[in-house]
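After the structure tokens below, expect a handful of questions from me.
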Amino acid sequence: MSEKTFLALFSDVNPAAEAIAQLREMGMKDEQMQVISGIPFTAPILGRPHPRTNVPRMAMGGALVGFLLAMFFTIGTPNLYPVYVGGQPLIPVPPSVIATFELTMLGMLLATFLGVFLDSRFPSYRPMEYVPAISDGKIGVLFRCTEEESSRWMDALQKLGAESVSPVEAVQL
Amino acid sequence: MEKTLTIPEYKADWAEGENGKWGMVIDMDLCTGCQACVAACAMENNISFVGEEDAGYGRTMHWIRIERFWEGTYPEIRMTPYQPILCQQCGHAPCEPVCPVFASVHSQAEQINLQVYNRCVGTRYCANNCPYQVRVFNWRDWPRPAPLENQLNPSVTVRRRGIMEKCTFCIQRIRQAEDVAKSEGREIRDGEVVPACAQACPADAIVFGRLDDPESRVSQLANSPRGKKLLEELGTLPQVTYLLGG
Amino acid sequence: MSQEISRRDFLKLGGLGAVATMVLTGCGTAARYVRRTPYTKMPEYTFTGQSTYFATTCRECPAACGLIVRTFQGRAIKVEGNPNHPVNAGKTCARGQATLHGLYNPDRIQGPFKRSARGSEQITPLDWNAAIQVVAQALRETSPQGIAFLLGMAPDHLFDLVSDLARALGAPAPIRFGALGMFEARATLRKATQNVLGQDGLPWFDLGAANVVFSFGANFLETWLSPVAYTRLFSQMRRGERNEKRGYFVQFEPRMSQTASKADEWIPLRPGTEGWVAQALGKLIADARGLQVAAFSGVNVEEVAQNSGIEVAELQRLADLLMKARRALVIPGGAALAHTNGLENAEAILTLNALLDAPITLSPLSPFGDAYHQPASLQEMAALIERMRRGEVQALFIHGANPVFELPAALGFAEALQKVPLVISFATFPDETALQADYVFPDHHGLESWGYQRLATGSAFPTLSSSQPVVVPFYNTQATADVLLAAAAQIGGAVAQALPYTDEVAYIQARLSPLLEQKNGFFGAPEINTFFAYFQQYGGWWKTTEETVKPSWENAFNRRLQVKAAEFAGEGEFHLLPFISPVLGEAGANKPWLQEVPDPTTTVMWNSWIEINPQTAEELGLQDDDVVRVVSDQGSFEVSVYRYPAIRPDVVAIVFGQGHTAYGRYAQGRGVNPGQILKPVTNAAGDLAFAATRVRLEKTGKKRAISRLESILGVYGEH
Amino acid sequence: MAVAAKPLPHAHTHATEGPDHRESLMFDPRPRGLMNAWAMEAMHETSWKFWAVAAFLALIVLVFLVGAWAWMIMEGLGLAGVNRPAFWGVFLVNTVFWIGISHAGTFISAILRVLKVEFRRPFTRAAELMTAFGLIQAGFSILMHMGRVWLSYWLLPYPNQRQLWPNFHSPLTWDFLAITTYLLSSLMYLYLPLIPDLAMARDRSSGWRKRLYRILALGFRGTEEEWEHLRKAMTIFAFAIIPVMFSVHTIVSWDFAMATRPGWSSTIFGPYFVIGALHSGMAAVVVVLFFVRRMKHMTYFVRPEHFDALGKLMLVISMAWAYFFFNDYIVQWYGGDKWTRMLLEYHENGPLGWMWMLMLICNVAVPWLLLWNRRVRRTPWLMAIIGILINVGMWLERYVIVPISLTINRMPFTWRQYVPGIEIPLGIGTLALFILLYMLASRLIPLVPIWEVQEGQMVHSLERVGKTYVPVVKELE
């Protein structure tokens, strides 16, 4: 049984959200659908399950790594190679706070950035289902179904206000 | 004489008024401003001369300079006593913590302030932070036409451009004397180490020695009621004492 | 791999390499790459990694301080004072320290040569045999009366040798000259001593023993006679080492010199009135003690007060200061003696000591039993110049002196030199005089030389200071003594017999041999070689007992003394006061580090300046660094203004030591030479009255920044 | 046909009876496709004048920056005007200045984003680009300052055979860490919101641009997950980069405040510097926006309302700056410490006292006298001039703080004036490089975040309240 990907394009968010709800009522599973859009819409607007994101967790992890690195620099290295300066203690607390802060933040932000890449599987230069109209602000609903079922979904979507519903091929973006 | 040196770990351990190891006393009543120390220092430490234009622009490399000011106007004019200014070898040196690469560090063994030429990257923060303005920077590779290089002292690194330098209390002489003393199995005698400036001083205004030895000439002079540290109020704990008045 | 690299590729690679090398050498470690080729054969007494120390005598001035030179693998590294030496006791001045910059100066004369024309840089190198030939021929073929030797104030062994040579030849005795002697007015001091005490010799002022010291212009902390020795005594006085209390010091002079800046009081009296002030003080003391002193009796204190600018009450206070002192000392020197009435001034000042039990003695004779041969006064130099001008001098030999630069231009030495058919210079350095010589046969640098030096003054112990080479000669130079001995041998006959020495060392040893008999030296030896070895090792030979001569003041009390008013040459509104640079001395301008050592009082480096009282400058509309033309009736030059707060408004002062037209890259074309505009008037002792010229100042509208170490911001309470 | 960026339902746009809001970008929506086309056009179409200017700037960069710097590396810092006691000179002035400029981008795109200030939308990117390029100039300036720049990597903490690590006591090490953190964060924060616009550009270009944008857009399609990750990340960045920004300029101020020097040792230097940075940064944004606006069709995106809003901000910041300045000044003045008194006297009446005066005129008098006026605020060229003046004033402020304050210290014997030398061509070189980078970036990067503008237009609407219509902003998140 061969499954194909279809794309329904909407101009407005309301018809798109309605269509998604309708499709779900008609028995299409959430996993079968995917919304692509030129501006960010939240899951509640579209009536879609909340996508899972690891970015905040990654950020926390990065912050921890940065913090530990800072601890190594400010406490570890002076102990490894003691050098005394200006009558200050070998491990000066206030300056260490600064280094710790900067490195923690750096770790966190680097991890956040990296998290976007990991979570979104960036960069991916494989062919993907996409039409340039999306970046013109259209909202696309991608769904996968067998060819037999496709006409049913296409008709339903067209009735719900989709500008066009058509099968899409994965193309080189 | 047996001496135990407690090397304090940091500020809290080292109280004000406590003595370091090496120290200097300069009697301003004796200093005649003759500049012998300036020349001797330059000869001993391979200090570059910079030429007229740079010298006039504040780029001289003197590790020791003699300051004097005028007070009043003619005929009630007075010159303040000549005051040789050199690195005060602070116990709490403001120049040290600000160096990002540890080029300016404290010698725990000698209790003086070291400048590691090879480590210096030339941020010049130490010089800004030195309240005594005794650090000098190699703004260029100062010319030293041949055969002047024959005079260079092999015990002292020849510095190049981009590097901060300053008085070292002639650490090469301190080290030499320590080696000799060690090989002879004894302590360094008072007066055995003499930096070039003190050695040359015709008025004998500069006295150098161990501050941690209460018997030494420098200790006794440093405790004189005439003694005053330069910019004492900053709490830098200088190792150089100036004797004021007569 | 490709076997051949095309030329094009090669050039590309080469270019790349050059750039890489440039960058890599440019951006390397902190240490500068210094190339110092090792000696293929290590000089004697050098061990790898070990310093060797040699005792010798400083030749930067004739004070004869003992040095210990640290050498390392055949190179002189550092000059240190000889701790045992009676003059300097281990100390040195800035000039002594910088002597190495003379030794390794890039502009030294590197070998003997003949000049194509006087003043020309075009030279033909000679070898030393030819050079000796030239000297021998000149000595042989010139009539003895046509030979003149002009020597510097050091070294003494050469002076003795040349004296012997001149005697053997029947030529006039050698003449010594040096700018230091000129600016110290040594002849005046000596003459005054002779007149006042009836004794010959230079007085030795034992400051360390005095509580109160009055100095009339004697800049004994700078260059005067034996500055390191006097600084030591000054230090003793200030410490009160021998006198319990800190000594009090008053300096009388129109400009605050470095010495005056150390004084507790600086009294800016009118130039030329020093003698009167001394007389007035003397009269006040004598009156207070009920004494009759002939030298002071004819003085009207009020008149002196008016003339000198010191009020009567002030004079009284100063006189009281002297009287109350347990031991007071009054020193004549410097500019006080450099007036037309300089000799009388010196006598008046010296006589004042008669009332004070002053710690003055006469400097001891040398261990040889003779005195240091004093340099010529200006009058004697003028006589030599006159002989030269008249064509009576056919061959002039110059060593260690630079009269073209040092003498006042108006005396005409340079012109007179043109009348001398043959001029042979033994200069180590291409100075102005060597530039006017037909032949230059360079002597070794002082640190490469043998020799000895007597003390003119500087110690109470009879001392002979020794020189020895601390390094092998760096260039193809030859000891002048050796050249002259070789020439004498070539001449043969009586001359060769009078100088039967194989070389310089043999001559020195022969001269030293009488010392073997002396008993009270700090070392002795049974024979000359051992003695000579010790002599070199310790840096000289001196007696362990003081041998100063006690002065007799009886004569001074009864001697009448009339001090005439000083006369001044020229019409300008300012007295010109030249003073010898405390840092450069007479011949330090060629040493780069000395140029960079700031002048003690003004902190100026690398150039000349004229000192003007700030109030005067304001009246004239002059700012710091403004270039003024200084005009006397002898000429003019342009120099930048330094507003010096401690100088009389009617006096301008200028430093002597710069203004060279030759003398190497560090000296040439730098600053001005006040000698150019000095009127060559003399005092009664024949010394140059260098403070007797009057000048006027003309604005030029130009500005030339003076390099100074001190801040120019806020110096006078302004920004 | 592209879709119009229509407001969300229940909106009453083009309301005839209310005040006309169409002068506001948010109430003047255009089809997304048209806006995309304008953005693309601005990148594509270039006049010969543009390239002539770029070539001229490139030449300046080559001679004044590359050439002069190479010469200085070979010769040493003697070519510059630094001396004793002014060991720091214009290089440090420029460093602080450029770091200050860089604060604007973060301020606009982080603080204003967090505070949901809507007028920020069209120029967040223009400001962020300034941050990135400004920090690059700051980096160059501090490298020029170093005596041995070829060893600058010794500031990096890495294991090495020298058995030495950087000194974490040193404010310069903090500085190094902070600037590195800030530069990296700013670049990442510039890039994240750029991804959708790069995807847009990818969809609309061909040839080398297509290849370039394909790589840079990373395969972004705009799926729910992608947007979610991006939004989360941008929220984290927006919150986290604010303290980083504050720390950077505070630490820069600590380079001075930690020193035992009269005039520098001041506890208020941290906030004073931060406000100063914002002062110059906002002013610089205005100047940049003035030039951006002159590009094709940018009058649509950048409007007088934006200058107006920025003008108000500038006025407030100027007041804050004056407040901190006065705070610093009066404490120093009142303290009456001998050296500080001399320093203040020198600032005001010294030979360079005019700089101090001009600083106050540019930073306080000019904004206070002009920016209260709505008509001035809405005149872009006037605003650009004011922006330039404020930047001159802020540069002078740093000049007063660095070399002029260094002239005066506790050893009056060493006081000496500073006269810049090769710093001037090198400074001009960094300015030229900044402009050049900006010009080149304007050819490669959509200067307006179109998706953010569209999003904004969608959430804005007018709602009838009583007799009139008032703007209403909906929140999508």
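When the chains are written out, they are named A, B, C and D in that same order, and each has its own residue count from 1.
Here is the rule we use: a residue touches a chain if its C-beta (ideal position, glycine included) is under 8 Å from a C-beta of that chain, and two chains touch if they have at least 3 such contacts.
Since the structure is predicted, the reported quantities are computational estimates derived from the model, not experimental observations.
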**OP:** Looking only at C-beta pairs in contact, point me to the busier pair out of B-D and A-D.
**Re:** A-D
Original post:
Of the other chains, whose C-alpha centre is the longest way from the centre of chain B?
Top reply: A
Subject >> Centroid spacing, where centroids are CA-atom means, of chain B and chain D in whole angstrom >> reply: 45
Original post:
Roughly how far is chain A from chain D, going centre to centre by Cα mean, in whole Å?
Top reply: 29
Subject >> Distance between chain centroids, defined by C-alpha means - chain B, chain C (Å) >> reply: 31
Original post:
When the C-alpha atoms of chain C and chain D are each averaged to a single point, how far apart are the two points in Å?
Top reply: 65
**OP:** Among the residues of chain B, pick out those that touch two or more other chains and give their numbers.
**Re:** 57, 60, 65, 67-68, 94, 97-99, 102, 119-120, 141, 163
**OP:** Could you list the positions in chain C whose residues touch two or more of the other chains?
**Re:** 30, 709-710
**OP:** Pull out every residue in chain A that's touching 2 or more other chains.
**Re:** 83, 85-86, 88, 92
**OP:** Classify the chain contact graph as line, ring, star, complete or other.
**Re:** other
**OP:** Could you please specify the touching residues of chain D with respect to chain B in the complex?
**Re:** 75-78, 82-88, 145-149, 151-152, 154-155, 162, 164, 166-167, 169-173, 176, 255, 258-261, 406, 409-414, 416
Original post:
Which part of chain D faces chain A closely enough to touch in the complex?
Top reply: 2-3, 5-6, 8-9, 31-33, 36, 157, 163-170, 173-174, 177-178, 180-181, 184-185, 188-189, 191-192, 196, 199-200, 202-204, 214-215, 217-233, 236-237, 240-241, 243-244, 247, 251, 451, 454-455, 458, 476-477
Subject >> Residues of chain C that touch chain B when the two form their complex >> reply: 28-32, 34-36, 72, 75-81, 88, 90-98, 100-101, 103-106, 221-222, 227-228, 231-232, 234-235, 238-239, 246, 256, 258-259, 261-262, 266, 268, 474, 582-583, 592-598, 600-601, 603, 605-607, 613-615, 645-649, 665, 670, 705-710, 715-716
Original post:
Residues of chain B touching chain C in their complex?
Top reply: 29-30, 32-36, 38-40, 42-44, 49-53, 55-57, 60, 62, 65-68, 70, 73-75, 77, 79, 82, 117-120, 141, 145-154, 157-160, 163, 196, 199-205, 246
Subject >> Touch list for chain B against partner chain A, complex >> reply: 9-12, 14, 91-99, 102, 104-106, 108, 237
